[in-house]
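Take a look at the structures below.
In what follows, subunit A forms one complex with subunit B and a second complex with subunit C.
Presenting the complex of A and B:
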């Protein structure tokens, strides 16, 4: 029972902290009425907009009202769209999950074999090439990689759609772009982890027993070498969500990241608050899930808990 | 002992499942007119999101009473004629036989309902934001089904222009809106326009089908899709890859690559958006800029052509007065200040300028090339001996500075009108209650400029109005209550497959006129 309660407390502290911070930050940096009003609006128009949106009330009253509503699952109504913020976000959640899921899946599918290959063939040209590519993947910014991919595969070669969401082919460029960083860091981690495990006593013992190279690699080396990979996956959730903001904008991908960024530009308080709340929740829950999975996979941690 | 799946297999299975899941997303269809722009509409209630990008979409669903032709001259739309019965009463005759998409007839009740809404403060009328344009309306009377009399509080020569503004003056159905409410209208829009909304995936695409019964004739394209592609280069790429047929706003550096590509063209028209440096504190005698000779020196010192050529690849037009060339009352005889550093230096010497610092402020990314414009201008001012410094402030600070009339130094702005009349920009900003009115003595009721502008606002004689505006433009050019820089061009990237495209100053695309 201890862990679920702990998780709940963790959730509460992180989300309340994040949302309160956003609540204050938004209010000291701008007035949404100015963003909503047409170019010829007068001060009376602005006052009417503020009254209409309840922004003429003292900030503390707005904050308490906001918290009260959150406890009932009401994240408020978007100022620009005049629709419930939660509804807007849930409409977009599938797009972001699709993109982030595909990116992470791709990263895993490519990084593990690539990392293992580099480790097994370490100090050869293959290792050098993989390490170089991984370093490049970690240093190239998403927007640049995305635009280059778009120009090459979309405009010059005409193989893939340049932007938007629709068929599987629409997903390829954004997913590859978003996967670049985690693919690169996973590859490097798998490589170093496999290299390290290969030097471990039990691997030497396995070899000494006369086991074949394949059995040693998959049964003894890889299994143990992948444990840190699971930890890294958890850490990458935050990176994926922030990367999605950029990739979604470049590729006109209608996800939560882009929605939140636009909401920030237009000072759409409830929508930003709801976006941050959902992302914070997602971050905590996924991190915890990885944590739990990690304990489940690594007997040493379970033993430590007992 | 608990059976443990192998980690590698587990990870593999998760990845494969993810790929299988995303593979199930349906494919899009072809054979339709596809248009792309940067930002989406936020609501389909025309009264609540009056932005340039939103009106391109709302203008497909709804019509205004009065329209504008490609030269921005007023023309009949839902109204067939309009005339002033007396200075405070405009009579509008409506088109016969027009129906909303749901079959509700368009008649005097629709006009009365729409205009009564717009002349009521927004917080009491479904949150619309157009009260200042329509607050002059006192009463709307339905004389008969097809005749409406609009009584204004004071004479209002600009009312027809207000009724033509695509910023939210579109007619909405009275019966339907009373039943569905304004949120219902926003969700399921019903207008008299050439297209009906079929589906909307926010920030992705809005799909429209032709209104076969459109009063202006059935559109030739049955299906129109507006795609939202915020990144400039991504939008250009989509055009080059043949995924879209028309894009709105071509970045200056992409004009040449698009023009050179077979099957594509860049179309342009002068737009009703100006770029200018606005000045604060003139009336209060604050700082060197309160001396008009210093302001004139600034105008002589800024090389508009160089800014336009280098930062905008020639895609802008220098301007020397406070209103755009697309506005009624723009004075074609007034030329921009020539680039003349020597004259600037002489004026500064006459004014006794002693090197007091002048800040040139702008936000970043709010106006195209804003940071670069301010940096270039500061450099140009330095060359004639003005102690100018470029400063980047955040958008909100800039807005607050302008709104609270607390402008210090020069602030880069892009004044824009909504009704193609000098009154809509110049007198909105410098007239009573205008955000720049406190800065300049021309806004004092005794000043000639004030008298000219005030008289023109209420005169029902177009010739008189034009004469007043011409003279007011001369005063502006001499006094420079702000420093005009240049007028934007509206740019469109268009596939040559598309027939009938006309680039318009009001940024409307009007897909009902387009065909393959």
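Presenting the complex of A and C:
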């Protein structure tokens, strides 16, 4: 019973941290009233906006009020859409999860065979090529890769749609773009992990007792080499969500990220706040889920908990 | 979350080479290879673009000419020899903007990384040398920030503060302190138990003196590695923010900003997007490769000195 409670406590602490961070980031750095008001607003107009939003009260009172509302699921009303911010965001959550899930799935599907191939053919041209491609993949910014994919496959070749969501073909370009960084780092990790495990005593024993190369590779090497991969998946959740903001903007993908960026440009301050908050929550939950899955996969960690 | 495996997966000093590669390298640690050459060449090009852009660029980066707008690169049909890489939507020379953009990228990245680095080094030294509650607090904070999607924080802050170079540098600097702090803390912790530090303490050296004279110089090699990866990361973050319209304020030539402004023309004028993005990718790749090279070169040396 100890672990579920611990998990819940952790979830609460991190969520409170995220909520507070969002609050501080949005209040300390500038005046939201200035952000909302039209350029020709007078000092009286600004005062009225501040009174409307409760910004004229002491910061601590505002913070407590903000927390009280958040616990009731009230994230304010969007200034542009005139609808509750939470409602707008939950409508878009599925699109973001679909994109992030597809990207991470693709990354795993490609990275594991590629990394194993590079490790098995260590110090050959295959290894060099895979390592070089992986380093390049880690260095190319999402927005550029996305735009170039759009030009090549959307405009020049006309094979794929360049924006929006709908059929599977709409998903291909955004998902491939978002997968690039994870794919590259996973490939590098799988490669070095497999090479390291290949030198472990139990792999040498397995070889010595006459098992075939395939059995040793899949049953002994790969199973152990993939443990750090699961850890990296957990660490990649944050980067994946950040990347989704960019990729959604490039491909007009109707997710939370694009909604938030649009809200920034239209100065829809409650919606920005809600968007950032929900992304932070999504991050906490996904991260914890990977952590739980990790403990389930590796019996050594489960033993350490007991 | 802090298992050894996760530490290795995220650790900037974790080798890119596998143990087998190390044996070859231990014999000749500072072998010059293509990673070094590539890093050096791109680094020199960026430096030249930062110092003497006006000498290198064929035209002014801000001069507009609506007659010449969206002209393709010289080798294409409508291209002209005056604009090798074509012109953007306002008729500005793309090549000149790419060359002039180097300065913004380089200075913003360097200032942020230096500021964040100093902060991280100070925190890491304090945590590693003092230990106790301070260490606990700093380590927790670094863990939390390293895992959190920082772009979201950066977006919120820049959205409220508006496009402002100083705020941008601060936001980027805050993004880079945890990596420095984590590495410096670990190394300081290991150094503290070494005999030369104990002797310095025994002869009555003050903590400040011991840290500055004995600890800091030993950290320099690892800091070189962390700094190159950090530069790469900051350039990506800065250009991503500029791309979202939340970074460098116009009309400063900046690669991310150019991409953001040209984005709507990508369907008809790909060259306005291709070249600034290529510049970002090449610089980031060079910084990453250089970091890899220093780390792999350093590793056998470091291991020998530890044992």
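Annotations for the structure displayed:
What we mean here is this: the second predicted complex is superposed on the first by the 266 of 306 C-alpha atoms of A that agree within 3 Å, B and C clash if a C-alpha of one lies under 4 Å from a C-alpha of the other, contacts with A are read in each partner's own complex, and residues count from 1 in each chain.
Just so we're on the same page, contacts are C-beta pairs under 8 Å (C-beta built on N, C-alpha and C of every residue); 3 or more make two chains touch, one makes a residue touch a chain.
Being a predicted model, the structure only gives us computed values, none of them experimental.
By the touch criterion stated above, A:151 is placed in contact with subunit B and with subunit C alike. By the touch criterion defined above, A:235 reaches subunit C but does not reach subunit B. By the touch criterion defined above, A:227 lies against subunit B and subunit C together after alignment on the C-alpha atoms of chain A. Looking at the shared chain after the overlay, A:91 reaches subunit B, while subunit C stays out of its contact range.
In the superposition on chain A, A:249 makes contact with both subunit B and subunit C. When both complexes are overlaid on chain A, the residue A:45 reaches subunit B alone and has no touch with subunit C.
In the superposition on chain A, contact is made by A:163 with subunit B only, not with subunit C.
When the two complexes are overlaid on their common chain A, residue A:272 makes contact with subunit C while staying clear of subunit B. In the superposition on chain A, the residues of subunit A touched by subunit B in one structure and by subunit C in the other are 29-30, 147, 150-151, 154-155, 162, 227, 249-250.
Contacts from subunit C toward subunit A in the complex involve residues 1, 3, 5-6, 8-10, 15-21, 144, 147-153, 155-157, 159-162, 167, 232, 236, 239-240, 243-246, 259, 263, 266-267, 270, 273-274, 277-278, 280-281, 284-285, 288-289, 292.
Put simply, subunit B touches subunit A in their complex at residues 4, 6-8, 11-12, 14-16, 18-19, 21-23, 25-28, 39, 42-43, 48-51, 121-123, 127, 129-133, 167-168, 183, 186, 201-205, 227-231, 233-234, 237-238, 240-243, 394-396, 399-400, 403, 415-418, 424, 428, 433. Put simply, subunit A touches subunit B in their complex at residues 29-31, 34, 36-45, 48-49, 51-52, 80-83, 88, 91-92, 98, 101-102, 104-106, 108-109, 112, 147, 150-151, 154-155, 158, 161-168, 170-171, 218, 222-223, 226-227, 229-230, 249-252, 254, 258-259, 262, 267, 296-297. Of all residues in subunit A, only 14, 17-18, 21-22, 25-26, 29-30, 32, 35, 119, 122-123, 131, 135-136, 138-144, 147-148, 150-151, 154-155, 162, 188-189, 191-192, 195-196, 199, 227-228, 231-232, 234-235, 237-239, 241-242, 245-246, 249-250, 260-261, 264-265, 272-273, 276, 279-280, 283, 287, 291, 301 touch subunit C in the complex they form.
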